[in-house]
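What follows is a set of structures for review.
The same chain A turns up in both complexes below, where it pairs with chain B and then with chain C.
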Partner chain A sequence: MNTSTTIAEKITPGAVLLPELDVLQTTLAGNEQIRFIRRKALKSFRLQGLPERKNEEYKYSPVAALFRTGRSFPASTHSLTRNDLTPFLVPGMDAFLITIIDGKLSRELSDELKGTPALQLHDLASLEETPSAVFQKHFGADALITADPFIALNTAAFRDVVFIQVPNNARIEKPIHILNIVTAEGAELVNPRILIQVGRNSAIQVIENFIAIGKAEQTLCNALTEIRVGSGSTMLFYKIQDHCKNLSLISTTQVYQDEQSHFDTHTVSLSGNWIRNNLTIVADAEQCETHLNGLFILNNHQHVDNHTLVDHRKPNCESNQLYRGILDDKSTGVFNGKIYVRPDAQKTNAYQSSKNMLLSDDAGMNTKPQLEIYADDVKCSHGSSTGQLDEDALFYLRARGIGADSARALLMFAFTRDVINTIRIEALRTQVEELIEKRLTH
Partner chain B sequence: MLTIKNLKAGIADKEILKGFNLSVKPGEVHAIMGPNGSGKSTLANVLAGKPEYTVTDGEVLFAGKDLLDLSPEDRAREGLFLAFQYPVEIPGVSNINFLKTAIAEIRQYKGLPPMEAKDFLKLVKEKQALVELQVTLANRSVNEGFSGGEKKRNEIFQMAVLEPALAILDETDSGLDIDALRIVANGVNKLRSDNRSFIVITHYQRLLEYIVPDFVHVMYEGRIVKSGTKELALELEEKGYDWIKKELSQQVEA
Partner chain C sequence: MSKENQLLEEITGTEYKYGFSSDIETETAPKGLDEGTVRFISNKKNEPEWMLELRLKAFRYWLTLEEPRHWAHIEYPRIDFQDIIYYAAPKKNKELKSLDEVDPELLATFAKLGISLEEQKRLSGVQSTIAVDAVIDSVSVKTTFKETLAEKGIIFCSFSEAVQEHPELIKQYMGSVVPYTDNYYAALNAAVFSDGSFCYIPKGVRCPMELSTYFRINTSGTGQFERTLIVADEGAYVSYLEGCTAPMRDENQLHAAVVEIITHKDAEVKYSTVQNWYPGDKEGKGGIYNFVTKRGICLGDNSKISWTQVETGSAITWKYPSVILKGNNSVGAFYSVAVTNNKQQADTGTKMIHLGRNTRSTIISKGISAGFSNNSYRGLVRIAKGATNARNHSQCDSLLMGDKCGAHTFPYIEIKDKTAIVEHEATTSKIGEDQIFYCNQRGIETEKAVALIVNGYCKEVLNQLPMEFAVEAQKLLAISLEGSVG
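This part shows the complex of A and B:
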């Protein structure tokens, strides 16, 4: 008893969560394996504590303000219907819809994953009925839980796990569209959890949207999506943060790539109050290819922090990072891109580019490339710049009769072009273009 | 068409135009020549409304309106066109989208209905042929990856599409080889008409062999110090600008 008190005191301000978490763990659903993993994660969370101000990884995105008071962990209660979801769909895109509400899979608002060959969609309830060896093998690995306090926190407190399994040799044409909905209004903490397992020689496209239905003024969503891409497989993964209102969001994506796999991802942040995107790629086999693209357009007091980590563990892999940000008013942004090339990872090609545009004197951007290279035969580079709108280009457009506002919008839109052009689902690209256009001409 | 009276303007406290006067009537072509630093490009930029320049005195009437009161875009919409000395590269904005937006906004300003897509494409094709601009414009960003000659031809192409009442060519000949020069000049000549005027700013008489001006003015220290017909350009070519400078200093002494 004494020991736990001491640790709890040490991890202030996270300590405010501990009494709730202790109670929560006794009430949550799940079989013995799940309960064991949750207990393990809680222990790890107690040990790690929440990042303090001097923690280098959270220096520009201090979390203390998010944990001043205790938070409750709401059970899902909602009365949403399919019609309520229409505004969040992508026009013209035929997709499998998966709806998660306050961290719990909603079967009635999700499609059955019919296809040839069949995809599988599980939640904790169905896993209890039909245990999955793949799930048992991969879910809740120690290395993951101890890597970050918010991963531990999610694992200690998730209500449900959405598990999507893609079999071998399955090229799924129809995208999977996940709506991660938060209905909470106040100081709740929601912990959605997803595991996507892609077999060998398969192809899949997944879109994950974050949506706040309520006011969400004090709400924190701590989401974790784990992805395993099997050898020879390709996965496109789009994370769209456009209906977040005032939500605070920690969105962690943890990706493991097997040999000759291809993972291509976009993180688009247009709304939300405070967002931290943690994106970690572990390229643990040869000839993996990874593309990490990001785009954020911020105003008012918005804050978005993109933390990427590409861990090259084996030879002959390639990674490419392309991030663009536009910041107005008093908004702030962070790009922290870490590339880790381990001694074995010879012939690695790793690139990183982060460009940002500040539209106001009060906006701020912190960019930090971190290249840690322990192999000698590699090509790695990074480039970053933060500047203003090009005044000469602006005048050129105006001198042709284009009004100042639309000239500015044209230039800002052009600035996002590199990232938008790489969105491969056409209907989604069109939607993102429209959202950005609307956002830039508000 | 254009009346400039006692125009004084500069950049960051430095006065560059020091009482500039000029009157251009419809259909006329005026050449402005002069040594480096005499204020030729400043004149072009001030007329087009570049924000970093400040006008301290004088007035400019354009088609009966106070030009200096208008925003750069409204000047363009009223029919003023500046062919840039250094056309700007704009990555991510396609040439076609750029022109389409410009035409749409100009037509809206004039209260005209939007141009039909097929008419627009026809216009683009026709005017591209006029300046022998063979680059594919649809998928390429404005001036990006264009050679120096292509950039200048793109300026004349835009002028042809927008059909301005007054075009100011700011050293359009600089950096052009003789073939490109001829193409650009032909493009301009085909656009000459009774109600379209040109101000051609150049260092060299060479361009004026192709675009024959009605008047030639010599600019020095922010003012026009000598005006004449096309023969003046030849005289300048022969004697250089020192002759003008000498003449001026004699006037001052006398």
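This part shows the complex of A and C:
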């Protein structure tokens, strides 16, 4: 389907990608600045290699299996029409649609951000024509290539960048809906890249869907989204991983919060073969408020790893984490939540809760809630529990004439409510509720 | 503010009470470590061939290992293992027949530490409650109440004695819970351990008194490597106490001990430690590196092991007393108070490995950090597949005193069985101003209020300690922390 070069098979993880990455440098679009960033990232990736088994951050999600065979970088995009996208839209939600196919912005399948002259959508091509100082300043500034090999890998191999700029004092009522589509069928590696810059005193809602159109059995998507929330701004960010089929997905979100900003995010993982969500929040000014919510419902051999890091750098901030997971069959889940309170960040309130439900004997859950605190006047806590369906509750429902399956579904649905209830876009909440209902009663 | 500073001054000024060193004639091995050292120690102890073989095996394995440096939340310069004396023993001229022949300086040392070895003089007429095995530097100097215990069939003696007199038990149990391949320091210990305590409680016997080992590092430049092995046979019960101190010195001394506990069916072992090694001065100079491997296994059904520890000393504490819950219905418990002040570092916690059915474990960890110290809780709860109806509850709280210290939690929770119920809670905070205000209002001055609140905070753990230890622990807490919050 597309012209992609294949990589020689090697066993050493990381090394297997290098020859192809070298070739990529010469063929990918971008001006001198972009090329320089890519080259630097490649150098860093070469040094780091892929995380090895002993790497603490990847202890429960070894990546070696993902790189056993070589990977190619798809070079051209699939031809899709608007009709093809209908199943992925949120019914009843009026939104700006942005479509990214195999890491490249599709202008035809994206709405022009009309009616909001201030809102800007760029890709590498348009940035070439009208360079943006904001882009130059912030691109790659928060997602440090040395922090994680997959950040370096994405930065070395992204084909395009989708840059959304929200100006100051703009309250955008209509949500922005990003469809991140992977059309690849084989052992490809796709590196979508997004930068969202929100100015001062603005408000924005963004939904990002991950969608695999092809079989995607061997495909790996290594997505990276950088977000900057300006002072006094509010951003709601919903990441929905539902139409992923057998895709393997590493989804990194790097958020930087300025003074008095508010960032509220949801990560909902329902399908996909192997998913790693890296969510890093840097609260680098006073009075930031952050909410991280997550929900995953897994079966078969699915694996989902939610890795969060909230870095409190300044005083008087608040963060709140709420994660719920239901695991069936041979699925495995990971929650690794790190709260970091720096010496200056007095009066920090940080809270974390992770609850999980195991439905089968072969499912497994690994939890690592981690607090690193260097300031004394703080309130930090975490709670975590793992168990099975409450027999008493089940009995209560059964005694009232509710069938076993319905009773189980009802209880599990109730278990997910904490997270679903906090979704603020009504149409999206209804859709997620329906998806979950379908999953739990199938 | 000035009041606060004054109070802070006070604590940093608190002297380490056990910092004296005694002038006891000792016999030491030359510095450094090679096969010769291992043979020297073995030879000194008149060990049988099999023991030497075991040591050498461990030593050769140790040579293949690399010093672990990165995973724990602690920092220290590389240890020069060739710059340590691996064997130091109070010189004895002949076999001691009675206490009168013991070096009076040595007796005085223990008297200063508040431990009386003169059992006959204690509370005459009343049955005494503690039997003591005192280990100075590397060697057990005296075990009290041996005869009384022997009547019940209880073996309580130094490790080297056990090697000579009960080789079958040592062969059977030594290394069965902590094999020499377990980790770097376990391998080192297995190669060069000098002494320690051995305790065997036979079937159905409830040990009538508390057994205690007292460890003391005295000689400069030595490392202490002792081994404790406790075996409780079917239906047996014992409560075991361990205490430790060391003189104040500018150098860092290494303490790498191994403790193994085995409980058979229906048996119970309660292990309590008040660890008060010299923590170094307020600049962080000197102090003991306490790198210890402690692990128990509930082999039989319905058995129980509990670890209670109060950690106030050591420049660096690095230990994870663990329980492997193998028998069905077995119970593991871990109660810990870890206090760090000045430049102390602690990375401590536990591992609860659930293998049997209906196993239960409880973890209660209370960390207190003050000064420039870093205090970490690191724990693992693993529910293996097939460990049905396993239950764990963990709670780890951290209390911060001062804005230059750190408190961290690194819990690992791995669950492979759906019937498991595992809960984990952790909090970090400082003493609330409202709490202090409440006490002040009722006429309790700030300093006393802090002591009150800290004691209340640690109560769940201190309650687990035997009487004598609880008193000592409370005093230690007071010394370590009095006045650290204004």
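Just so we're on the same page, the second predicted complex is superposed on the first by the 426 of 442 C-alpha atoms of A that agree within 3 Å, B and C clash if a C-alpha of one lies under 4 Å from a C-alpha of the other, contacts with A are read in each partner's own complex, and residues count from 1 in each chain.
FYI, a contact is a pair of C-beta atoms (placed from the backbone, for glycine too) under 8 Å apart; a residue touches a chain by one contact, two chains touch by 3 or more.
On a predicted model such as this, the values are computed, not experimentally measured, just so you know.
Chemist: Where does A:G70 make contact in the superposed view: on chain B (first), on chain C (second), on both, or on neither?
Modeler: In the superposition, A:G70 touches no partner, neither chain B nor chain C.
Chemist: Looking at A:V378, would you say it contacts chain B, chain C, both, or neither? Reply first, second, both or neither.
Modeler: Touch status of A:V378: second partner only.
Chemist: By the touch definition at the top of the document, which applies to A:G186: first (chain B), second (chain C), both, or neither?
Modeler: In the superposed model, A:G186 contacts neither chain B nor chain C.
Chemist: Classify the contacts of A:P131 with the two partner chains as first (chain B alone), second (chain C alone), both, or neither.
Modeler: Neither partner.
Chemist: For A:S406, select first, second, both or neither according to whether it touches chain B, chain C, the two together, or no partner.
Modeler: The answer is first: A:S406 touches chain B but not chain C.
Chemist: Show which residues of chain A lie in contact with chain C when the two form their complex.
Modeler: On the chain A side, the touching residues are 56, 343, 346, 356, 358-388.
Chemist: Going by the contact rule set out above, which residues of chain A touch chain B in the complex?
Modeler: 390-393, 395-404, 406-407, 410-411, 413-418
Chemist: Touching chain A in the complex: which residues of chain B?
Modeler: By the definition above, chain B touches chain A via 48-52, 71-73, 75-77, 81-82, 84, 87-93, 97-99, 101-103, 105-106, 109, 141-142, 158, 162.
Chemist: Please name which positions on chain C make contact with chain A in the complex.
Modeler: Chain C reaches chain A through residues 71, 385, 398, 400-430.
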